[in-house]
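Think of it as A, B, C, D and E in the order they're written, each chain with its own count starting at 1.
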Amino acid sequence: MDVTTILLLLLVGAVATFLAGDKLASKVALVFSLGTLGVSLSLLNQLLQGTDISFVGTWIDNPKVALAFKADGLAMAMVLLTTALTPLIVFSSFGNHFNNSKNFYALVLFMAFAMAGTFLAADGLLYYIFWELALIPIYFIALVWGNGDAEERKKAVLKFFIYTLGGSLFMLIAFAYLYSKAGSFLLEDLYNLDLSAGEESWIFLAFFLAYAIKIPIIPFHTWQAKVYQKAPTVGTMLLSGIMLKMGLYSVIRWQLPIAPHAAKEYMPILIGLSIAGVIYGSIVALRQKDLKKLLAYSSLAHVGLIAAGCYTLTLDGLSGAVAQMIAHGFVIVGLFFVAEIIYRRYETRTITDMGGIRTQTPKFTSMFMILVLASVALPGTYNFVGEFTVLYSLSQANLWFAVLGGTTIILGAYYMLKMFQNVMLGETNAKAFADVTSSEAITLVAIIAFLLFFGLYPKPITDLVEPTLKEILAVINK
Amino acid sequence: MQTLIAITALGVFCLIAEIFNLRKLLVPVTVVGLLAVLGLTLQLWSIDPALDTRYTSMIAVDGFASAFSTLFVLLTLFLVLMSDTFYQEHPTKFSDFVAIKIFLLAGAVAMVSFTNLSMFFLGIEVLSISLYVLAASKRLDIKSNEAGMKYFLMGSFASGIILFGICLIYGAMMSFDVTFIKEMSRSAELPIWFPIGIILVVIGMLFKIAAAPFHFWAPDVYEGSPALTTATMSTLAKVTAMATLFKLLSVMNADIDSKFQMVIVVVSILSMSIGNLMALRQDNVKRMLAFSGISHAGFMLMALLSISNAGSMLLYYAAAYALAGIAAFAVIVSVTGDGGNETTARFNGLGKTHPLLAAILTASLLSMAGIPIFSGFFAKFMLFSQTIQSGYLFLVIVGVINSIISVGYYFKLILAMYTKEAGEGKQAVPLVYTIVAVLSIAFNIIIGLYPALVTDLLG
Amino acid sequence: MEKNLALVLLLSPFVGFLFNIFFGKKVSRTVSGAIGTLTVVLSFLLSICFFSQLNQSGKPFEFSVFDWIQVSNFKLDFGILLDQLSLLWLLFVTGIGSLIHLYSISYMHDDENMHKFFAYLNLFVFFMITLVVGSNLLVMFIGWEGVGLCSYLLIGFWYKNQDYNDAAKKAFIMNRVGDLGFLIGMFIIGALFSTLNYAEIKTALAAGNADTALLGVAALCLFIGATGKSAQLPLYTWLPDAMAGPTPVSALIHAATMVTAGIFMVTRMNFVFDLTPDVQNIIAIVGALTALVAASIGLLQNDIKKVLAYSTVSQLGLMFLALGFGAYNVAVFHVITHAFFKACLFLGSGSVIHGLHGEQDMRNMGGLRKAMPITFWTMMISTLAIAGIFPFAGFWSKDEILMVAFEHNKVLYVIASIASIMTAFYMFRLMYLTFFREFRGTEEQKHHLHESPSLITIPLIILAVLAVIGGAINLPGSMWLTHFLEPILGKHEAHALGTHEFMLMGVALVGALVGILWANAKYIKQAFVPKSDAEITGFNKTIYDKYYVDEFYTFLIVKPINGLSNFFRTTLEPALGKVVFSFGSLANGLGTQGKKIQNGNIGLYLFVFVIGVCAIITYLFIAQ
Amino acid sequence: MSPILITFYCLAAITLATAFLTIYSKNPIHSAIYLVLCFFSIAGHYLLFNAQFLAIVHIIVYSGAIMILFLFTIMLMNLNKENEVHKPRITRLGAIVVFVVTSIVLTTIFINSKPIAGEYPTTGEDFQSIKVLGKILLNEYMVPFEFASILLLVAMIGVVLLSKKEKPGK
Amino acid sequence: MNNILNQIGIENYIFLSVLLFCIGVFGVLYRRNAIIVFMSIEIMLNAVNLLFVAFSTYHQDSEGQVFVFFSMAVAAAEVAVGLAILVSVFRNLGSIDIDNLKNLKG
């Protein structure tokens, strides 16, 4: 068994979901996503035992594109993030009703397929194809099943699509150029390429454009908030939970090792931009009136920190970034789900329309609180592990980076607690608010359990990704 | 040669069928005939094209010609399949329509397999005249008339220029035989007539593929012509002209110096940019696709910059583009029918009323936009890659920016299909359109997944 | 075995927390309170065991539970260290914690969310224990943040009141400002020594080759962390607001234990601070100023808990003053005595509030002496202790601080003394206004006046007793505490009790008496009752409004950030969005212009065609 | 100035003049007549080259067939009036500019190009009699010859298609 | 037989053809009567034909003349189709002014 099983299973799952019909779609999707999770866990087991689960096959001879899927620790960690979040996301949507749900769930699985493929691909063009492929389902998910004013949604989603596509096309140019140099798209060949400073510089920037838009790093983030707001929650979860991580993962996997000298040269600017994103996102989040938008900006702040970690080019920065990616993936999915739970009951996302929910919902409140705390990286949650390591790496680069980046723990607490206060606390809301249903609770509890467990015992994940990160660092520093 | 003869025979059969009132049989027999032609082409090709030695001074079948001929036959097959339903309002003219399409195919095949400029010229004229007729074929529709008129006037103007070019080449070379010309162009010191002649011919071909600034006819003509004709023009005619241009330049060993390449670059940039920018503001779907076609012409022109090894790439691009175009037009035809409202509004709510058609149109538009797994992506990618290797990074960046712009209008249509409410009730869609659409988009995706199927054809 | 016991010590309150969170609602309030209390008592008992063991062996007990975070140059484990310092803290944290839990059973009995209260309280104790027993800075940081969280939860316990929520939020955020400092300090230390373990840092420092400048920065950052947690200038403003929480919370968290975390941390890291005298000076100055400012604000507050809160801030300032002079043992001494009497005072005030059904404004009290004798007497004892009257606990500890200050810096000594006098004044002001003269509240309240139940009074009595005798642990002469802490703090010269010292004691005592008499003169003799808010004017108003520090912070930080946020949200974001859209608009605009050229005129089309031909030919063949 | 050269100049003048007049005449009939004259002068050029067959074919096809077609059409549409509105001045100016520019550009290249040096080759072989042309046309140029028939067939079908009346309705 | 171009010079024919061609182009641009435009195109084609024959003579090669036949066939076919289109335009529009053909634009 190798990693292609995961991809195939997701793809088959997408087709099966589509064929299952509207009534069964969600269940079939859940079964397949759980199956994939199982498979990826067993693959992880194999990987840990030293079995090679990578897959290399030929696809196209001219241009030479290989079906290369490399499953090292880092890739597997990200794939597991995908396969673990997908069932959660699917399951979380059981309380919603979608028109044409077979299409909807098929697209969700297809997107998971594309994202897993992005994480696994070890061939530049293959990677690019998966990268782009992931855009299409989310586009339709946001477009067709989104909420809010249709015209505005169309605009926002189209902007998102064009913007991200535009960015990634420049990456395509870079790949084409690299191909013309290396004669292959294979990761190793690209790593071994000797590029002149000028070449590295523009290739780095071309990659950067693609990733900065995807991650997003300010000032390329303008698509984000609107799309998060307009997309259905499932879409938002997929976007924020996994898709953003594609960008960050790619920074580690592709951008830095291929153009290490440029990365070193631009490091202060990049970290500066990323940290500016942290502060900017936090400050903008303060006054958001829409719950999903607020979470979107919080996400902007968090990924800014992760990006800063990536660009420090140190083991700490990278491993912290990976930890933070995973942690943020879970926590943001949880938070968006919270928003969705509230929406199911109150049909609003405007924070001022909420408040006074806590009295009626002890369980929900506790879980929401824990998620908020995880999001502000309270020690004991996995987010803290990531944030600590990233900030530590930043302090190694420059103490001021750590200080400025560290403002996230203050500002983050500020906007998250303010949000929590306005949403949950205060005089009992006149409108009744039913406490979480068991299915909702399962999702949230799973997320919380994950965050707390790895918050106290992050070693398994660290051990999983560290060897890969060391290899990548070796390439960077060669 | 056999292919050409077979096609012509098929065309003549259509005319005879009319005499004996065999209209019902016409499409099935033509389709079978075309399939036979397809088989014949493939068979001849697989044996050894060089075996077809008769009249090699006029027609020579090589890999390039065979591959493109196959593509043309395939496209014609789709077009003929659609004709049955499309022309059901015109039973008396039906056989003429089919026959003209078949002859048009003959012209196209002649254009890619010529070894003598006279064949080239006649081929292009057969193609053009067929298209003039098809464009104007709705005789009571003023738009169709206008389209035919415009196309005819400008087309014959371009023919004049091509003829002038051929004349100058002849003047310089004393022959119309391209192999002879090729040899001569290497050896002797040439009179200036030769390069001028080449340029004039190239300009004429640029007109045919609707590259800027010779593109003005395309939107008007595409819009005015009956939808199926537009489909023919934007797929078959365009890729034929492009392949011919490529072949012309490659077989005549025309010295593409850097100055000439600069012209190609500028024309390419102009075509891409004008095509995409103008398409943004179009409301008529056919017109939008016309501009999109202009931009694709610009993309395809990049192949001329690395003429020695871009043949398979061009074939791939042409196939990807044409198949996507056929799929798109099959849906457009099935939605708009013959004439009527062709604005994007007509596609409102298609995602709900006809999900399959909407999906196919979406897929074909995505392919044209160059989104992966659809062959349009690989087409663009290979072209970009090749162009970068030829050292035209700047051109590729412009191309990429244009790709981004193009998403804007392709998605306008997709948005209309999926977000707007359907205006009218659900209308029945002829099965044959759906079949054609499914087939062509399936081909498109298959060659997207296995580009080698096409790229390996030309080594 | 020892490991397991230590883990039981640590986790026992956590079990209580889990029980109360999950099952608290299902069992009766008494049971939930009892379980909450018992778990803490268990920890207390275990602490005593460990303490006695340590007393015998003298060897600290350290072990690692599991590996935690790993960064490139060092690995952090979840380590537990039970040495003199942590056990001392454990004793009074769990001890006072137990009493307050006990007290709360009665105090919170009417609250529907009592199980939650106990859950949070247990969680707090758990985190406080974590903070104390951690063997490295990061474990301390877990507790550090954890107690902050519990403080947040408990301040906002009555979450229906948004003002309380604001107070809770403020506490959390200001703490986080400090936490950032703590983090940065940790980073520097981690980078310098490749470890965060106390013992290892100490060893590394002993080796000597540390970059003192960087170490200074680290120390300063750690101190910033301490100012957040221990409510020092400039981050003290959250503490008075934190009085929004239930009174037991104020007693436990905001008087006795959590706020001393800063002192604990500085004491813990004494070997770092010892090497950075500049930072120590800063600490001393900040401490003294805090003591003075807080005391002066306390002079005019009318809310009984606010007075106590400012008093706490002021006392903490004194402790930092001592820390600044390197007299860690003195600071620890004061922490302990302060824990006794301040907890007692808070609990007493809670008893009063309880008796008056939530009334906190002293202007509406008075004459409660007769109605609540136990409360009165216990509070009186504690007041005497805090005022520094011989021989109560506070006298000894405060006196030591003043002595140290006198030794090192006369100016700071004067400041501290003034603060002490003020303390005596406002504490007696509190007593007089609350318990003396006649009752000023409503008839209905008067009707219901009664002494609190025994569950409330017993802890009061115990704490009062401790407030009397607490000074015994470090009496001049025996200096038990100082000796006990020697393994950690190093040897300190015991003060020889000369005339000098006695004189200082006398001065301090006189100062306290002056304060008391001043209060007596004003509130008993003149029967002065503070005016209603609107009538306060002049400088008094400035003090009453806490020097407008909150307003100043709002103006300086909160407002700009919110303004910036609004600006970003309403202006910059759309503008940035427009930049992206402008490309689209540009393209669309070009398209629109292009449509005009495509005007349907064949002549024009051909014209362009021919021009194109001419241009190409000219370019290729004519232009050279 | 050999007589042949003089003849050439005369013919050339006639050709250009009639061509110009074709375009310049306001009456379409006049244009057609001028065009016929132009074609005749071109036939004269052919004769000058001793390409008699071609000249005759030229006259038959152009003057005989094509021009008659034109005239028929003009008559059919009753266009023998001078009612054509002139194009806007700017367009005409543009046309003139284009004319001038094109002429100058094309002429310039040919002037710039190297003049053909020396004698023109004379083979003395017959290359333009009916016999020779016929042989070439039906041997080497067999395929295009046949293909031209397809062209004409297409044109025929096309014209029929364009002008055939349909039965209204189905 | 002597090559007649020895006396005239191929350049002269080139210039003649070019001028004729340009006149044709000019006519296309200048006139708005479609039929005259057709005639102009015929002039262009004839200019080329003339040049073909000139080159044919220049090379003493018959292929050029053969090509002229094809060119004539093409011209004839074009004219036939063109006029057919013209007629149907005239029927629908009542005019053959090409400036009136402005329904399709934008």
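Heads up, the rule we're going with is that a residue touches a chain if its C-beta (ideal position, glycine included) is under 8 Å from a C-beta of that chain, and two chains touch if they have at least 3 such contacts.
Per UniProt, the chains are A = NADH-quinone oxidoreductase subunit M; B = NADH-quinone oxidoreductase subunit N; C = NADH-quinone oxidoreductase subunit L; D = NADH-quinone oxidoreductase subunit J; E = NADH-quinone oxidoreductase subunit K.
Note that the structure is a prediction, hence the values are computed from the model and not measured.
Participant: Mind listing the chains that sit against chain B and also against chain D?
Facilitator: C, E
Participant: Can you give me the shortest step count from chain A to chain B, moving only between touching chains?
Facilitator: When the steps are counted carefully, the minimum from chain A to chain B is 1.
Participant: I need the chain pair with the most C-beta contacts, please.
Facilitator: More C-beta pairs are in contact between D-E than between any other chains.
Participant: Would you mind checking which chain's mean C-alpha position lies nearest the centre of all protein C-alpha atoms?
Facilitator: If one averages C-alpha positions chain by chain, the most central is A.
Participant: With centres defined by CA atoms only, which chain is the most remote from chain B?
Facilitator: Farthest chain from chain B, going by C-alpha centroids: C.
Participant: Using the average of all C-alpha atoms in each chain as its centre, how far is it in Å between chain C and chain E?
Facilitator: 98
Participant: Quick one: report the Å distance separating chain A from chain D, using the average Cα coordinate of each chain.
Facilitator: Inter-chain centre distance comes to 70 Å.
Participant: Where the centres are mean C-alpha positions, what is the separation of chain A from chain C, in Å?
Facilitator: 37
Participant: Could you put a whole-Å number on the gap between the CA centroids of chain D and chain E?
Facilitator: 5
Participant: Enumerate the residues of chain B that touch no fewer than two other chains.
Facilitator: Residues 118, 122, 125, 129, 132-133, 136, 139, 148, 150, 153, 157, 192, 196, 219-220, 408 of chain B each touch two or more of the other chains.
Participant: Where does chain A touch two or more other chains at once, residue-wise?
Facilitator: Residue numbers touching two or more other chains: 162.
Participant: Could you say which residues in chain D touch two or more other chains, in rising order?
Facilitator: 87, 91, 94-95, 98, 102, 106, 109-110, 112, 116, 141, 144, 148, 151, 154-155, 158-159, 162-163
Participant: Which of the chains are touching one another, listed as pairs?
Facilitator: Listed by label, chains in contact pair as A-B, A-C, B-C, B-D, B-E, C-D, C-E, D-E.
Participant: Spell out the part of chain B that touches chain D in their complex, as residue ranges.
Facilitator: 1, 8, 11, 15, 55, 57-59, 89-93, 96-97, 99-100, 103-104, 106-107, 110, 116, 118-119, 122-123, 125-126, 129-130, 132-133, 136-137, 139, 148, 191-193, 196
Participant: Once bound in the complex, which stretches of chain E touch chain B?
Facilitator: Spelled out, the residues of chain E in touch with chain B are 10, 14, 21, 24-25, 28, 34, 37-38, 41, 44-45, 47-48, 51-52, 55, 58-59, 61, 63-64, 66-67, 70-71, 74, 77-78, 81-82, 84-86, 88-89, 91-93, 98, 101, 103-106.
Participant: Please give the residue numbers of chain E that touch chain C in the complex, ascending.
Facilitator: Against chain C, chain E makes touches at 25, 28-29, 32, 98-99, 101-106.
Participant: Report the residues of chain E in contact with chain D in the complex, numbered from low to high.
Facilitator: For chain E paired with chain D, touching residues are 1-12, 14-16, 18-27, 29-33, 35-36, 38-40, 42-43, 46, 49-50, 53-54, 56-63, 65-66, 68-70, 72-81, 83-88, 90, 96-97, 99.
Participant: Which chain C residues qualify as touching chain D in the complex?
Facilitator: Residues in contact with chain D: 603-604, 607, 610-611, 613-614, 617-618, 621-622.
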